[in-house]
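One chain, chain A, appears in both complexes that follow, with chain B as partner in the first and chain C in the second.
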Partner chain A sequence: MSPSRNLKRVSDTLWELPRQGAMRVPGRVYASEELMAELRDDPSLDQVRNVATLPGIVGYSLAMPDIHWGYGFPIGGVAAFDPEDGGVISPGGVGFDINCGVRLLAVTGVKEKKVREHRGELGRALLEAVPAGTGRGGPLKLKAHELDQVGRGGARWAVERGFGGPEDLLHCEEGGCAAWADPEPVSADARIRGYDQLGTLGSGNHFLEVQAVEELYDAEAAARLGIDAITVLIHTGSRGFGHQVCDDFLETMQKASKAYGIELADRQLCAAPFLSPEGQAYFGAMGAAMNFAFANRQLVTHRVREVLARMFGERAEARVVYDVCHNIAKRETHAVGGRERELVVHRKGATRAFGPGHPMVPEAYRALGQPVLVPGDMGRYSYVLLGTARAGAETFGSCCHGAGRRLSRNKARAAARGRNIKKEMAARGVSLQAASLRGAEEEISDAYKDVADVVDVVVRAGLARPVARLRPFAVVKG
Partner chain B sequence: MATHATPRWETFSHGADIGVRGFGPTREQAFEAAALALTGVITDPAQVRPSQRVEIACAGADEELLLYAWLNALITQMALRGMLFSRFEVSIAADALTGAAWGEPIDVARHRPAVEAKGATFTELRVRPGADGEWVAQCVIDV
Partner chain C sequence: MASADPAMPWQLLDHTADVRLEVEAASWPGLLEEAAAAFGGFVGGGQTGRTEARPVTLSGSDPVEVWVRWWRTLLRLWTVERVLPVRAEMLGSDPRVLAVPAAALDLSRCEDIKAVTWHAASVEQAAPGCWRGTIVLDV
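And then the complex of A and B:
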């Protein structure tokens, strides 16, 4: 049945997919009328419904306005499960790139004009310092026991080895470390895939951008976050280590779904009760992959700092504003129906967005709310937002994570045919350094929706409030 | 029954990612062609020299899970060995596949790899003979 036939408008920015068939709860999608018009017949709405059939789901099967077709869960999907009520954990609710996420650095000690003037050289130096693209490993080669340490320690592991300072950890989701991580169930293949990938960017939509603050919506909040004129945005995840953990556990969960009698609307939704041995093994291994990603972004941060110091002198510093996860499942406490419940919250292509006063928000930002970083495409802009109490009440403290694609990779490449993307970007004042020309063609600006439309919805819905818009002038792509 | 000349492959669009589809007169050849499509996601397979052979074995409870396992085994081998493959051989007995892939280490300058394949998915996963008896083997790859 086409999803468009049964879609109820709840408000200006919220739509409901009422319960039907095996759905245990309704679905809810945040979108404007325009975004919903594009979505109406999209399979991603069926995926919102499918998620609603999983055991132990609480409240609603949610989707953010950057929703698009994913595997099992839609990208932009958020769902919480109650372990005490048979609630499940599903690798399809986390994704292949576990803890793919973004980290924002605020650069000080060098004038914007100077950095902008040297954007080409800076981009080239960054591409050299941070290996990007398929088939490129980093200089750091880890032994099996070191990978275990990374899997347990996350960004802390990197800081303890001199790649950054302890203050970096204060401004990361979970303090840069999934404390429950257990590398034990991580396969040998995952370890081999990850052994030389710490400090690398990867390919696809991953990037490293040097940006200028284009517009401030809340100058006071921006100042509190330390955002001045120049920022660096890092988008990468757990690389081959996390991909393999996902692959391995999809197989485990296929069997587990059968064993626990979980009816699957889509095989990619395979899951196990959170408290089962399979559920716990995945939770531990996923935590280790999360930590690999935190350590990866910490390593990249360190390389960026080295490049800045080399080019602009020791006074050029890059402070971590915040580091958020896009693809994770975590235990979090949320008030549901007037009572506090400890739930397993899946965010797949969604960002945590805790409001002011939440104890998980770093002390320096607690009065403001948690920074939410929303990257756009390489030719436009990214946003810094702050989480709200309303997000806490409506979406298990969650918000959007990006623009979402408009064109498939094949169509993007067709659209880029005969064009010189690097030149086009240069004409817009952006230096593009790409490890792969074809990769860059697949990531052209026109391939993405305008992230401003997505941000507009979450702001109007009250899930976040805007602080700043950042425009890139040097872009490194995998 | 019509005879189908050579196995062939194509990629197809899927949201943020990309699908691979192999066609062949037999199920095995469709699997081999799908593997070539997987390489096609990353680079032009014609640029990959089939100079080293890698043995591959995997299992799956049904044909579709077997295709899923085969493509994932190839993705894992590409990542572990830093290789790309351009020639494949598959034999299937019940739920087990034994096969081989021939290729060479990635040469970034020559292969200009586009994206990295993260894993095969169950999305659009299909293995079946068409009305004309030609087999189709396909699924979406997360990149």
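And then the complex of A and C:
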């Protein structure tokens, strides 16, 4: 049965998939009427339902307004599991690109006009400094013991080797390091795939953007975050290392699901109880991949700083505003049914959005709430938001992570056929540097929802409040 | 994008997240062989050296498990050993034992496949003499 036939509207921005069949909890999807009209018959709503069948799920199987069809879990999905109640951990609930995420840098010491005038040269320099594209490695080749150190230390490992300063770590989710990480269960294949990929962008939807601050919704908050005129947004993750960790544990969890009697609506939902040996091994290895991604974004930050200094002088600086994870599972404490419970929160294509006063928000931002960075497509804009207490109460402190795809890569390429994407971008004042033409075609604006529509939903739903809108003028695509 | 060669029995189906491939063959071993050709056809890229066959023994408790593991084997050649599977051939009469000729290649001319998913993987005998398998790839 199409899920749309049994979809209940809760409010202007919230829809419920009532519990039925094997669902242990209802599903809830944040969307406007217009976004829901596109979603009604989309398989992603079935995926919200499927997640609701997993053991130990708490509250609701949730989806953010950038929801789209993923593997097993929908992209834009959030689900929390209680380990004390048989709650599971699922590699498919985290995704292949573990700790794919974004980092925002605020650039100072150079005029926006000057940077914009040199956008083409800047884009080319960034593409040269940060290897991008299919399987591209970088100049840094790690030995086995160094990979273990990265897996344990994350961004801190990079900072200790001179790729940035300790102040960078203060503005990262988890301080740029998953403290529970254990590289021991990481396979030799994952190490082979990752040994030369630190400091690289990758392909697909990963990017580097140089942006201008187009609109401020909360000038005071923007000033506290250090956002002035120019920003750089980095979107990349754990590269082949994380993909292989996920791949290896999908195999492990196929067996574990059978062993623990977990019924699967989709084999990609394979899981194990969080407290089982398989669950703990995955949690440790996933933490190592998270740290690989944190280190990767730190290395990319360093390369961006080098390029800015070379082009605009030593006074041009790029300070880390914040670094957020998109694809993770973490132990977090949330109030559910009037009591505090320690849950395993899966965010797959979703962002943490803790509100003001939360102890996990960096001290400098604690009164504001956690920065939530929401990239749009390469031709339009991105947003900086702040998390709210309401997100803490309704969505396990979670929010959207981007625009969300509307078109498959296949359809995007068909839509781009006969067009000169680079020229179109130039007409919008954006210099595009892409490692491959095909990659750029798959990432055209038409392939994505308008991120403004997504942000409008989370703001109206009270999951976040807006601070700034950023518009790109130099884009590097993998 | 479909197969470059119209006679090659694989095609791309839509999937919003990434890529879904459907492969057809007259038999189960044929389906495995065509999957290898589909993998090589999708990744493409110019071969830069001679091909070298690698023996592979498949296992799995059901056809879908064998099917996904086969694709994972092909992926491993690509992502870890950095050679491109170009086809597969049964070795002897056991359909689970195959040789995979794999080629060195020009990486800059390749499309990427990052992972094989278990999501919506299927294998069926659609009709007598027609086996069909689907797989979703993370690209």
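Definition applied: the second predicted complex is superposed on the first by the 477 of 478 C-alpha atoms of A that agree within 3 Å, B and C clash if a C-alpha of one lies under 4 Å from a C-alpha of the other, contacts with A are read in each partner's own complex, and residues count from 1 in each chain.
The working rule: a residue touches a chain if its C-beta (ideal position, glycine included) is under 8 Å from a C-beta of that chain, and two chains touch if they have at least 3 such contacts.
Being a predicted model, the structure only gives us computed values, none of them experimental.
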Inset, instruction - Could you tell me if A:Gly154 is touching chain B, chain C, both of them or neither one (first, second, both, neither)? - result: neither
Inset, instruction - Classify the contacts of A:Phe96 with the two partner chains as first (chain B alone), second (chain C alone), both, or neither. - result: both
Inset, instruction - Using the superposition on chain A described above, determine whether A:Pro466 touches chain B (first), chain C (second), both, or neither. - result: neither
Inset, instruction - Pick one for A:Asn205: touches chain B only (first), chain C only (second), both, or neither. - result: first
Inset, instruction - Could you say whether A:Leu437 touches chain B, chain C, both of them, or neither, answering first, second, both or neither? - result: first
Legend entry - Interface residues of chain A shared between complexes with chain B and chain C: 44, 68-72, 75, 96-97, 134-135, 189, 192-193, 203-204, 240, 243-244, 246-247, 250-251, 254, 266-268, 405, 408-411, 438
Legend entry - Touching residues (chain side chain C, partner chain A) in the complex: 1, 12, 14-19, 64-65, 68-69, 72, 75-76, 79-80, 82, 107-108, 110-112, 114-121, 136, 138-139
Inset, instruction - Under the touch definition given earlier, write down the residues of chain B that touch chain A in their complex. - result: 11-18, 42, 65, 69, 72, 75-76, 79-80, 82, 106, 108, 111-116, 118-119, 121-123, 125, 140, 142-143
Inset, instruction - Under the touch definition given earlier, write down the residues of chain A that touch chain B in their complex. - result: 44, 68-72, 75, 95-97, 133-137, 189, 192-193, 202-205, 240, 243-244, 246-247, 250-251, 254, 266-268, 404-405, 408-411, 435-439, 442, 478
Legend entry - Residues of chain A that touch chain C when the two form their complex: 42, 44, 68-72, 75, 92, 96-97, 134-135, 189, 192-193, 203-204, 240, 243-244, 246-247, 250-251, 254, 266-268, 270, 405-411, 413, 438
